[in-house]
Amino acid sequence: MNDTAVTAARPAKPVPAGAYLAPLAVLLLIIPYVAPAYQTILLSYGLAFAIAALALNLLLGYTGLLSFGHAAFFGAGAYAAGFMGKYWNIGSMEVFLAAGALSGVVIAALFGIVCVRYTKIFFSILVLALSQVLWSLAFKLFWVTGGTDGLRVPTPTLLGGLLGTPADKVAFLSHQYYYYTLGVFAICAGLMWLILHSPFGQALQAIRDNEVRAEFIGIRVRRYRWIAFVLSGMFAAVAGTLWAPLNGLATPEALYWPFSGEIVFMAVLGGFRTFSGPIIGAVVFNYLKAYAVGRTEYWQLLLGVVLVILVMAMPEGIMGALGRIGRRVRGES
Amino acid sequence: MAQLLAAQGLRKSFGDNHAVDGVDFFVEQDRLVAIVGSNGAGKTTLVNLITGLLAPDEGTIVFAGRDVTTLPVFGRIKAGIARSFQLVNLFDLMTVLDNVRLAVFTRENKTHQALRLADRDRESEDEARGVLADFGLGDKWNVAAGGLAQGERKLLDVALAYALRPKLILLDEPTSGVGTREKSQIMDRIESVVRSRGLSAVIVEHDMDIVFKYSDTMVMMHEGRVLAAGAPEEVVRDERVAAMLGRTAAR
Amino acid sequence: MATLVVQALNTAVYTAVLFLIAGGLSLVYGVMRVVNLAHGNLYMLGAFVMAWAVGGAATGVVPPLLLLLLPVAGVTVGLVGAVIEPTLLRPLYNRAEEYQLLLTFGLLLILEDAIKFVFGPTPLSASTLWSAFGPISVLGSDYPAYNLLVITVGGVSAVLLWAFVYRTRFGVMLRATSQNRKMAVSLGINVRALYVLAFSIGCLMAGIAGAVIVPVQGAVLGMGVDALVLSFVVVVIGGLGSLEGALAGAFIVAVVRTLAITFFPELELAVLYLMAAAVLVTRPAGLFSRSSS
């Protein structure tokens, strides 16, 4: 998606990133002590979705591939936790996460073999169709997956019980589990940031900008797309695993393709051309949806209208708009 | 003089269109070969066949003693063949420096490094800056490639191929779309870089002045075949070529 | 033998409906290079309009007259399409094609709730129309006559569409534009009007699909989202942009579905999606594609 105005890739940054990251970090750390449990838990959801949106953007913003099937990975991660709990009686979050990451990798590796031969719309539709395979299996094989009832995901132990065992579930979710989520988020975001700013990340961006030229620079385009796809799937699955204990259940909704659309919505809302855009988008979308669902039964209409306006008037998302305003304020063109 | 590239019996058709129809094409070491011919003569198709974008229907391509006919693109790049494009092909959203640095990364097999910061690689950055300096683009390092002037974009396209440290560089109309004065500037740069580093080059050109001034050998193509090949002064004296040039002189 | 006949007829019914939905999607893509994620919800709109109209029609109206509501429902959806294209899609033609997916996804969300708002959250039924036609004897088995009607509507639509695209002047312009837009413009074809019309026809087809099948299965919120993925499978198999492909793809999907339901009901959907993937791996352009990818 290269049609918006070309701007310098490294514009002057008079305000260093650290200036606003530090207060933000402090805020995130003290939230459980200043806000009601409901808000903290809501933010946990937002952080989990942020990981998923970042994962999607690894493909979209950096490799130029729009996936409408990320629910497959997210849901797989959630069901991994469910399966661990139901069939192996495991309650350790670390095992959940490992299982989730593995599921994401395996599924993305398989899907990727088929999908990365294509680009643009065909790629999007193909991933969508494949993700529906998983949904249909979860839906129909009800004796394994619990069907529409889903699989119960027990409240897990964190770090082998080091962070205290869940007694009062709400207090646990809004304190220990929140910090755990924050930690996993920081690690995932950090890893993705590193990957995208590495030589590999540069190669991905080259593939995004000009596939033919990338080939002629010596980059093995299809192979790198596949690797990016697998990485993206892995992180999205981790997001799903993180989400599952919050939701208490792994349900087919998490695998249903409109949910993939929501993840895309989050990335675009925040701004898919920046690294942090998807994070902002996920958190804002989460609040937006929670607000809408609470206020009206026609919340899909509200979200749909927001998306349409976004596409028509503000395609660079929140971060893009903020960037533009910031440049105007500083007097640059 | 050693023969760097020997392509023989090349044929490539698109349906009824015999774009390349039995072409023998040779490049000697340290030579600058110009391919000329009217539009549709098959010049770009020939370049596409040599660089691996297309696979020939018939024929062989031997490069530096190795049969590369079935080698895929990245294989040919590793073997030492690089190219630039007729319609400038860059990474428009990345800076000029990032464009060249990426070529350095791939050449040094660093693109699989996913857990190292690209910006920390001083070595690659210095080399990229060196290439930019060679091409006169040093002060534009931080500009997005899409924001450069056309002449600069053409040079960057060549610089990208050059940064791969190829043995043979193929440039498809490196001076098209720019004014006469800029053409010479661009070709001066290219020639100095190519000669000083011992590269061999193939240039697809329409401008006969440039061909005469810069190339050692000229190959004239017409309707998918080679009409004549040799030193420019000699080729031009060939009757068939003279007729061809007369017809195309009006351009 | 009896079940075989019934299975075959059911497959034909499914083929007819799938063809109408997927054909609309494919037509729009073939002409305009637009993939409309909300297409399934237009099918749902057709279903709801028809069910509402049938339910609201005065009792005692002779059932065949109720069939007149079919084209009414179809045209209604077509008109919705005529509004959508110039306002929401046209501004996006010069942008990267991924934006259409985003916009039409937003449209999907809007339509879902708009339909809920207008027709209410509970499913609507038009089964009175279905049962009014009663059973008919086909090769010794009893089969719902209405289902035969569905097959007929599908068949007639296929023929009409084919004639329209390949035998009319408008069809010529349509095909020219889909092959080379710039050329079409320079030939004086009013591409803008053509696009609106093509999109409306695509929506009309989806609307008719919904309207014709609603007496059989009812109108339920969410049916559009399910239908969309199936239509993707159809066009992937048959080739995006090809009407014959949509027909062939619809038939293949319907057959596989009937077989799957009989032998592996749990894997029914999974098999279909996997089949789409298999086709893409072996013949990327689909089995019958003629559109330039």
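In this document, chain identifiers A, B and C correspond to the written order of the chains, with residue numbering beginning at 1 in each.
By definition in this document, contacts are C-beta pairs under 8 Å (C-beta built on N, C-alpha and C of every residue); 3 or more make two chains touch, one makes a residue touch a chain.
Everything numeric here is computed off the predicted structure, so don't read it as measured data.
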Chain separated most widely from subunit C, comparing mean CA positions: B
Closest chain to global C-alpha mean, per-chain Cα centroids: A
Interchain centroid distance [CA atoms averaged], subunit A/subunit B, Å: 42
Separation of subunit A from subunit C, taking each centre as the mean of its C-alpha atoms, in whole Å: 33
Inter-chain centre distance, subunit B versus subunit C - centres from mean C-alpha coordinates, in Å: 50
Contacts with two or more other chains, residues of subunit A listed in rising order: 2
Junction residues of subunit B, two or more chains touched: none
Subunit B - residues contacting subunit A, complex: 51, 53, 73-74, 77-78, 82-83, 85, 89-95, 98, 101-103, 105-107, 110-119, 121, 124, 142-144, 146-147, 160-161, 164
Complex interface listing, subunit A residues touching subunit C: 1-3, 66, 68, 114, 117-118, 120-122, 124-126, 128-130, 132-133, 136-137, 139-141, 256-258, 261, 264-265, 268, 297-301, 303-308, 310-312, 315
Subunit A residues within the subunit B interface of the complex: 2, 6-10, 191, 194-195, 197-203, 205-206, 208-210, 212-220, 224
Subunit A contact footprint on subunit C (complex, rising order): 35, 37, 88, 91-92, 94-103, 105-114, 116-117, 121, 225, 229, 232-233, 236, 240, 265-270, 273-274, 276-277, 280-281, 284, 293
